[in-house]
Amino acid sequence: MELNSNHFDNSGNAVMVDIGEKEATKRIAVASGKIFVDEKTYKMIAEGKVSKGDVLGVARIAGIMAAKQTFLSIPLCHPISIESISIDFEFPIDEASIDKKFIKAICSVKTTGTTGVEMEALNGVCIALLTIYDMCKSIEKGMTIGEIQLEKKSGGKSGNYERQL
Amino acid sequence: MELNSNHFDNSGNAVMVDIGEKEATKRIAVASGKIFVDEKTYKMIAEGKVSKGDVLGVARIAGIMAAKQTFLSIPLCHPISIESISIDFEFPIDEASIDKKFIKAICSVKTTGTTGVEMEALNGVCIALLTIYDMCKSIEKGMTIGEIQLEKKSGGKSGNYERQL
Amino acid sequence: MELNSNHFDNSGNAVMVDIGEKEATKRIAVASGKIFVDEKTYKMIAEGKVSKGDVLGVARIAGIMAAKQTFLSIPLCHPISIESISIDFEFPIDEASIDKKFIKAICSVKTTGTTGVEMEALNGVCIALLTIYDMCKSIEKGMTIGEIQLEKKSGGKSGNYERQL
Amino acid sequence: MELNSNHFDNSGNAVMVDIGEKEATKRIAVASGKIFVDEKTYKMIAEGKVSKGDVLGVARIAGIMAAKQTFLSIPLCHPISIESISIDFEFPIDEASIDKKFIKAICSVKTTGTTGVEMEALNGVCIALLTIYDMCKSIEKGMTIGEIQLEKKSGGKSGNYERQL
Amino acid sequence: MELNSNHFDNSGNAVMVDIGEKEATKRIAVASGKIFVDEKTYKMIAEGKVSKGDVLGVARIAGIMAAKQTFLSIPLCHPISIESISIDFEFPIDEASIDKKFIKAICSVKTTGTTGVEMEALNGVCIALLTIYDMCKSIEKGMTIGEIQLEKKSGGKSGNYERQL
Amino acid sequence: MELNSNHFDNSGNAVMVDIGEKEATKRIAVASGKIFVDEKTYKMIAEGKVSKGDVLGVARIAGIMAAKQTFLSIPLCHPISIESISIDFEFPIDEASIDKKFIKAICSVKTTGTTGVEMEALNGVCIALLTIYDMCKSIEKGMTIGEIQLEKKSGGKSGNYERQL
């Protein structure tokens, strides 16, 4: 089986893919991920949002800044003229039956260019969730981060993608 | 309920915790995480390791470099005199029954200092897994990253931690 | 009163503004600022310029490099295809009556794009002045930096701006 | 007059000062600065703090992250094992008579080492204030940043410093 | 004789050249360089490529990442929308008569823009070779890096360039 | 033949070497390198030094800043508490017979720590020389950079090293 990811040349050496022949189109990517936390940590973060100690405000800024710097962290990512980044958090508050609480981060990134912004969206999610971990780790060390995935992307030759439930 | 994470002052403002009074000790942190991939992608990565197209070699370097830069990405992390970083990958090849294949990344970080290296280990895992995603995304967009967690830490006032199975 | 800066969404969460619908125009921004110094420090810097010990040469490079990296420092700034940056210094040598001497830094930045370069110009000024402070702080600790302001900008939907005297 | 700042060698070439012979001591630096804004902008920021649209929360994170990276921005600054950073904002709300409103940023940095952290504190102040400017510039372009100064420092051979009123 | 490099203004102050009036063209630059090593080190690297211990794989990633960041390292370089980067290594294995063995690194960079990518290609070569040095320095300290040069460039007003043998 | 550089583990995977057991000693490294230029370029740089257009002043700052950031560029380098960096340039003006003129850059780096600073010194040399290339490339494209080498190092378990003529 060939490794035909175009991140390698014919000799199997890593290359930064040539995007010069691709068409500049409007592109959007949305990624999401979760941090699973204890009831106690969950309350702290949720209440912190409306009172004092804004864990999510800090995480949002960290995620936005990271998304901009994706090309500096992921070896074969291109520098990109990002047009917008937003990070939202969702609290599944009513899901009382859920054993493990979680906070969901959703990162949306837009550009007009010749390559997509999936990695920027995914990186924004990861660093936002790691920032939550950092700020809560003195309370709970057992938090896990997971279900980091691309939700959808549009624009570009490979067409639109939307994750199936 | 108080947000007593020491990443906030009494007014709820984010602060970089004072580690000046803490004792310099030998500290180790180990974190892990997984990327869940299709059979096809799995084979490509696994075979790439031994033949040509070394996805994991690139991911390892990305993770090591990211771990060193954690204080530049995570807002309230301290700059740290890291003494060593390693990233290993595990292939649960024999688990034939597993519906979804995965590759596991394990990052170990050591320092002698006044604060721990959990975030460095977790960040190393995240960026290594994101790099795998990046290099395989032209083949499979539905990969998910998950189960990112601290496996163990030693050193420091709060004592040792080892994740329970 | 609404916070209608478009750096927040309707829920008050910070976002990186969408500049995708804005028109790409030629844009220029000029910012300035001053460092107020003692007679002694003033002479050192001014003479250093023409003889040895080029404080301003170092400060200029620091300011230019910082202006390029503005999107890495200011959380909601966009990466920008900067076309030129220059930093000039003015010495109000003849103003003999002035109690406190100062050196004025002026940073001009140009781009063709969908968002302005005010922050790049202001950041270039700040880091240039901080560099002067750093290089002279063993001589005088009481220096102050001030009057950092946008002098003018042109291009973009909001039109031209020129500071009134 | 000699430029005896030790940031130059005998030939007038910039050097990164040798701090290897200096004693490692506990060091603290506090710097401050102001952004002068219109009544309207002032209210937005002040109210944003307690309701939605947290300009100062974003500025605080930007300042803390910048302070950590000072050695990457200011050419002759040393990398430093920073132990803590905090940024506070003061609102002189009751000074009704003041023509121009302002918000004051105060940055405190601590380390144990062979060189001081004045530049880190000053840089934290500058970037925090620039971030406020960035987030409010669609409302008011005429804001100025000023009175950036070292408030006090302790530790090190040159002794303590406290700004005189 | 005038210093008419356009990296200085009429007063001799460094400026980041204005590329706003230049035409956006497809541009390619190829640079190369060598690291001269002992027979022993040479064999280790060459064999490492096909067996275990992939010095060149690590060097390639380091060079690609560095090329992307050239505008952050070289003071007057512009940020560039790089479209592709590749780094190849050549082993002049058959040149048995050569006294000193060497490994040659070749870096190719492409963009569509108003300024060239020579510095990106040269920087990619340098950092790739420095990475080889780093990974082999416990074996041989006397390695030298040399013959770093622009091989060819195309696109842009100044026309094509190809190094003469 | 084994690749016993300790930058690989037993499986041949790259690791950041553990320096935790090494002794903290005073360490110095000196590296040098040359840029070979035409008579015309040579004069411009040499005269620029004493009159206007200070190519070497800019190159020195670039090299110092790069040396500080070596751990961010070279994948397996450790972050280091650098105590001093200096970069000198030598002009072999009297060597009238030399066919190709050159400027030599010498970078000295000091630290007290558990690992050496060879890579910092070498990186400082490379980036300083690349900066000269960048600033002179509109005049001469055929410049080459070479003879980049470690001159001497002291401190550490492996003892002192001094390059033989």
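Here the chain labels run A, B, C, D, E and F in written order, and each chain numbers its own residues starting at 1.
Quick note on the criterion: a residue touches a chain if its C-beta (ideal position, glycine included) is under 8 Å from a C-beta of that chain, and two chains touch if they have at least 3 such contacts.
It should be emphasised that the depicted structure is a prediction, and the values quoted were computed from it without experimental measurement.
The chains that touch chain B as well as chain E are A, F.
For the pair chain C and chain D, the CA-based superposition corresponds to a rotation of 180 degrees in steps of 5. Ranking every chain by how far its Cα centroid lies from the centroid of chain F, the top place goes to A. Pairs B-F and A-B differ in how many C-beta pairs touch across them, and the larger number is found at A-B. When you average the Cα atoms of each chain and compare centres, the chain farthest from chain B turns out to be C. Spacing of chain C relative to chain E, judged by their CA centroids, is 32 angstrom. Chain D and chain E, compared by their mean Cα positions, are separated by 38 Å.
For chain F, the set of residues that touch two or more other chains comprises 14, 54, 57-58, 61-62, 65, 69, 75-76, 79, 81. Applying the touch criterion to all chain pairs gives A-B, A-C, A-D, A-E, B-D, B-E, B-F, C-D, C-E, C-F, D-F, E-F. Those residues of chain D lying in contact with chain B across their complex are 26, 57, 60-61, 64-65, 68-69, 79-88, 110-112. On the side of chain D, the complex with chain A involves touching residues 54, 57-58, 61-62, 65. In the complex of the two chains, the chain D residues touching chain F come out as 9, 13-20, 71-72, 75-76, 78-79, 81, 113-114.
The part of chain D that touches chain C in the complex is made up of residues 1, 3-8, 11-12, 14, 33, 40, 43-44, 47-48, 51-55, 58, 61-62, 65-66, 69, 73-77, 118-119, 122-123, 126-127, 130-131, 133-139, 141-150, 153, 158, 161, 163.
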